[in-house]
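Labels run A, B, C and D following the written order; every chain starts at residue 1.
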Amino acid sequence: MESHEAACFLNAAETDAHILITVFFEKREPVGPYRLTVPARRTLHVRFNNLTDPEPIPRDTPYASLIESDVPVVVQHTRLDSRQSANALLSTVAFPCNE
Amino acid sequence: MESHEAACFLNAAETDAHILITVFFEKREPVGPYRLTVPARRTLHVRFNNLTDPEPIPRDTPYASLIESDVPVVVQHTRLDSRQSANALLSTVAFPCNE
Amino acid sequence: MESHEAACFLNAAETDAHILITVFFEKREPVGPYRLTVPARRTLHVRFNNLTDPEPIPRDTPYASLIESDVPVVVQHTRLDSRQSANALLSTVAFPCNE
Amino acid sequence: MESHEAACFLNAAETDAHILITVFFEKREPVGPYRLTVPARRTLHVRFNNLTDPEPIPRDTPYASLIESDVPVVVQHTRLDSRQSANALLSTVAFPCNE
């Protein structure tokens, strides 16, 4: 399995959620927004490696993401580290804030 | 050990907690509610694989769960991934919200 | 290394924190309170296996703990699972609440 | 890889964030503050082993850190434990508070 980071969205509401993801780096300007829709009463599982519009996220570069939604959603961020024989799973729930 | 996901409930209150679990998927309608009671001043450990009413939760399908309770409880969600020789444990505390 | 659970306390305040820990189980009455003091401007690292007053916490029995303090503290709960060759570390920050 | 602890900062705001880190121990006075700047719209990844001013953080001594910032930031704290053949990753999001 390739190392990857993924975000799992839960939209438990009755209306679709329109998501904007902005990705921040240490030494360059942020990129984004990446646009996603999480349908009403659905989950969505997104690998960051698969985000390509407006541009692919650089590999092997640490980054952080800001996730904005027009409907309250829950986001769980997971990293699978397969650099070693035994995979390490790391998961955090996104830190919520109001703009 | 089989891979599984489990939820641990803590009801530190003096009255029983009646729990509704709704499970959401990426490509189908949510299922539930699954009904549980966490007695006053007790914990409850539930494997999602064991939830069968109204229907078993599909295996190998990503899902997220919404947990509602009539008494404040704390929920810790744990995933044991035994697909590899070394188990990976992953745990998050449920994201709290008021409806 | 033996499997164990531990709680790390941070008391960043200028006064000592008096801590009460109550431990809850699935099928028996809660035990406690266990009493600890976290001095002002200090951390404290406590293994649950070492709590003996009013009684030792049963081994191999799932439990949850309620931690009360007269001064705001931060608690990080860590589980080291050494049942397998590769240890798994699991950590959560205690869920905060006001009584 | 050496075992280490690191903090990842995200400053999604339009102004630089000035950070003060105070490190607390079990049996000695806190040290710090360590001073960092997280530029506007950037992340910063800091290994605690690299903090040397006002003094290096003692190795093999448990500690906790208090992080203060003049701009809202998100902090993710990661520990890589390489004492065993399979690395364990452990991550928590800092507990937020208002002074």
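In this section, contacts are C-beta pairs under 8 Å (C-beta built on N, C-alpha and C of every residue); 3 or more make two chains touch, one makes a residue touch a chain.
A quick note: this is a predicted structure, and the numbers were derived from the prediction, not measured.
Q: Have a look at where subunit A meets subunit D and say same if over half of the interface residue numbers show up on both copies, different if under half do.
A: Result for this pair: different.
Q: Suppose each chain is reduced to the average of its Cα coordinates; what separation in Å results between subunit C and subunit D?
A: That pair's centroid distance is 23 Å.
Q: Please work out the Cα centroid separation of subunit B and subunit D, and write it as a whole number of Å.
A: Measuring from centre to centre gives 32 Å for this pair.
Q: Would you pick out the residues of subunit C that each touch at least 2 other chains?
A: 85-86, 88-93, in rising order.
Q: Graph of touching chains, which shape: line, ring, star, complete, other?
A: Graph shape here is a ring: one loop, exactly two partners per chain.
Q: Help me check something: in the complex, which residues belonging to subunit A touch subunit D?
A: Touching subunit D from subunit A are residues 22, 24-27, 29-30, 62-64, 66, 79, 81, 84-86, 88-93, 95, 97.
Q: What residues on subunit C touch subunit D, complex-wise?
A: 8, 10-12, 41-45, 72, 74, 76, 78, 85-93, 96
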